[in-house]
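These are the structures, in structure tokens.
Both complexes shown next keep subunit A, but they swap its partner, so subunit B is in the first and subunit C is in the second.
Let's turn to the complex of A and B:
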């Protein structure tokens, strides 16, 4: 059993080995805040996916998970200094576009499912069993 | 500018596939009538111009000295021009009876792309092309990439061929769906071809998603078919979750190193662990990052904790899609997994991950084989068999590094790279693609006649179509791993590599599993040949082209089962080139 402090350590420590991390003048929020936010977002996403019995909600949960990763990318590129300043922005733009494409494909398939089964609960289509 | 040409040439095969995709769209436009035409034209022109613009902008960043003459692009232009000519000719000839048209275009486009790839491959393997990084190191056109792209084109060719004959595509409301299905097939292959040649985390994610999104659509493509819709739903829900986990893992890797390119990440991680800068907390973070990244790959290759989608998706999808998922998608994902493990396997916590993967391999093959025993649906049976084969191939991935355990501290360290592991996996991927495409081709042939994919309904079919039945026996023998077939050498190389790296126990597990697999493969052979004599003997006629394709695949299976030497020499070279990470 790993103690909670060990789990949280990466987020509360100053992360010394990543030596290039630095505060950028004008930023007031510490990096840790962004990390906690992204962790919360990711957890909410995972919980949504696990608990919701509605395929549209599941897609929403996945979006949250993708956004958590986006936030990570932006936060870390911001705190890595001038050289990497745009990295996170570019990456998150790609992720947003991709998330939209994924939602489009997912919704198209869900619409098809609704037309054929009259339900969008993920457990309703179960024609194939052992 | 010259550098821009060099980069363009490096992705020549993919450009040809893009051209093929556009041609398929164009032809559909011709067929659709005038009302839809204007919208399609505008969409096409906008797409084309924006693609050109993007390439142009990209070229501004690349201004190194000349290496390749602009004239070297000639084959691509010729290829595109011939595709356009061909379309015009075919369109005027086949108007009104064009079941073959679209598939044939894809076949020709694939062949042309293969021709371009051959040129690139000759350059790489003859040692002419030393510098293999393109597009500002986004793309790595080394031997591994060339081999897997060739395998992808091979798969694309046969899947398109099967689609021409696949009955559900040829009737009723699905008739117009062939075009969309072919577009998704090309798109998925394109994504996969980019996937195996990238060394950049962001590009990797984009390529993997391109492959995934097109695969989701392919799975749910049979309109009005409830099982196909269900397959699409299950694939997209689980798949998007897996890719979200993978992206989160990537973001943590980026957090750790501040780099997106694999070689740079590797250097930084080596530097950090040499400084002793990776303590418990950072180690945990790194462990989560790598595990998260592996989730996406494990999902695609259907390794055990992430295998649950496989049976339903394989069973519900149109059979050509299933063939693509089993042969193409899996080969691409194993390709990028090799790259990932080769670059990150011996840094930081790589040894622990590899040890975990060994257990995953054992579980995967055992679960797949045991579950396949009690299946009555052929596609579902092949789904479980494909899980089992993923387990065998993971054995080769694990064997990439020799793990040594420090007896005093219990610390695991990964030694030098064992290139035989990479060679074995790549050879197995080749063998697996050939025999699996063949097996699914036979399923399509049988389902076209019987309208069913149950084992109970194929009794005695082997007598009615002796040639197709005979090829199925070859594929089944190869899947089991009996000489003289490609599957035998595939397993042999995997076992040798695993023993070299000290995974004797894993080889024992794999050997036992091979025996189990004999049982259910034999059941299919038995159903084909040993029963049903009481029925009246009616020879069934199949498409000649289709039978010839199956015969070709069967001969290829036997060829690689006897003359494996040539292929393995090439793959040895691929493995050796991986050493200069």
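Let's turn to the complex of A and C:
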């Protein structure tokens, strides 16, 4: 069982000096901003998936979530230096490849479901229930 | 406010606006263009983080390929008013916001702990794309994953055509 203190630890512990992105001398950009952006994208993606009544939207929400994960990879790897940025780039490239494959197969399945059932709502294909 | 911060805020506005259009719009095509805004914003973040190769890949593959695929998919399915379950959005937003707040707290707390230095090395120059190409074809690095990805793309190419053919007319 997780103790309550462990759950509350992020709020109670003192803040360490913030790692910053220094491209030009005098300019800074904290890592947290990128994490928050990726969090917003992921949350909107999840809300899109669970609240829409159209199967195309579910795929679009999944695209948003994959982009959030990819942005997280790149942000963490950038803040760890050049060698890590190489790994982050490669992994994110594979994520893009998988997302493209998922979109192609998903839309093919949606077309097939529309041909069979005349509807692309996720609750209409229910042959196995009857 | 310096230039980098200004750029970040601009790109963040575009990205959040695009994703919210995807979530809220009544028309499917509007949602696809909102998704395009969001994906272009993510490409902007990649440029900001120094991963130029990935930004170009994102624009070429997503905006050039996947979104056109979505538009075709929408054109081939009925002109369905995209229904939203507004009650469900409101209902689910509360735990989503709560979880987001917690994760923001966690991110702020772990920052600087996992990261070795406070200051970054200078941004990678023109060698990064060089290294990406070499690591794709180096058997000690990502050669296996690269070949698996190409086999996956071939399977998807054939499989999508096979799945999407007009099978339901033949069976009747």
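By definition in this document, the second predicted complex is superposed on the first by the 101 of 130 C-alpha atoms of A that agree within 3 Å, B and C clash if a C-alpha of one lies under 4 Å from a C-alpha of the other, contacts with A are read in each partner's own complex, and residues count from 1 in each chain.
Heads up, the rule we're going with is that a residue touches a chain if its C-beta (ideal position, glycine included) is under 8 Å from a C-beta of that chain, and two chains touch if they have at least 3 such contacts.
What you see is a predicted model; the values in this text were computed from it and never measured.
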{"item": "Touching partner for A:93 - first (subunit B), second (subunit C), both, neither", "value": "second"}
{"item": "First (subunit B), second (subunit C), both or neither touched by A:43", "value": "second"}
{"item": "Touched partner set for A:110, first subunit B, second subunit C, both or neither", "value": "both"}
{"item": "Partner chain in contact with A:62 - subunit B first, subunit C second, else both or neither", "value": "first"}
{"item": "Chain touching more of subunit A, residue-wise (subunit B, subunit C)", "value": "C"}
{"item": "Touched partner set for A:72, first subunit B, second subunit C, both or neither", "value": "first"}
{"item": "Touching partner for A:126 - first (subunit B), second (subunit C), both, neither", "value": "first"}
{"item": "A:33 touches, of subunit B and subunit C: first, second, both or neither?", "value": "second"}
{"item": "Touching partner for A:52 - first (subunit B), second (subunit C), both, neither", "value": "second"}
{"item": "Footprint overlap on subunit A, where subunit B in one structure and subunit C in the other make contact", "value": "9-10, 13, 15-18, 20, 45, 59, 70, 80, 90, 94, 98, 101, 105, 108-110, 112, 116"}
{"item": "Of all residues in subunit A, those that touch subunit B in their complex", "value": "2, 6-7, 9-10, 13, 15-18, 20, 38, 42, 45, 49, 55, 58-59, 62, 65-66, 68-70, 72-73, 76-77, 80, 84, 87, 90-91, 94-95, 98, 101-102, 105-106, 108-110, 112-113, 116-117, 122, 125-128, 130"}
{"item": "Footprint of subunit A on subunit C - complex, ascending", "value": "2-5, 8, 12, 15-16, 19-20, 22-23, 28, 31-32, 35, 38-39, 42, 45-46, 48-51, 53-54, 57-58, 61-62, 65-66, 69-70, 72-74, 76-78, 80, 82-86, 88-89, 92-93, 96, 99-100, 102-113, 115-121, 123-124, 128, 131-132, 135-136, 141-142, 145, 149, 152-153, 156-157, 159-161, 163-164, 166-168"}
{"item": "Sites on subunit A touched by subunit C in the complex", "value": "9-11, 13, 15-24, 26-37, 39-41, 43-48, 50-54, 56-57, 59-61, 63-64, 67, 70-71, 74-75, 78-82, 85-86, 88-90, 92-94, 96-101, 103-105, 107-112, 114-116, 119-120"}
{"item": "Residues of subunit B defined as touching subunit A within the complex", "value": "202, 205-206, 209, 213, 216-217, 220, 223-224, 226-227, 229-234, 236-237, 240-241, 243-245, 247-248, 250-252, 254-258, 260, 272, 275, 277-282, 284-285, 311-312, 315-316, 374-375, 380"}
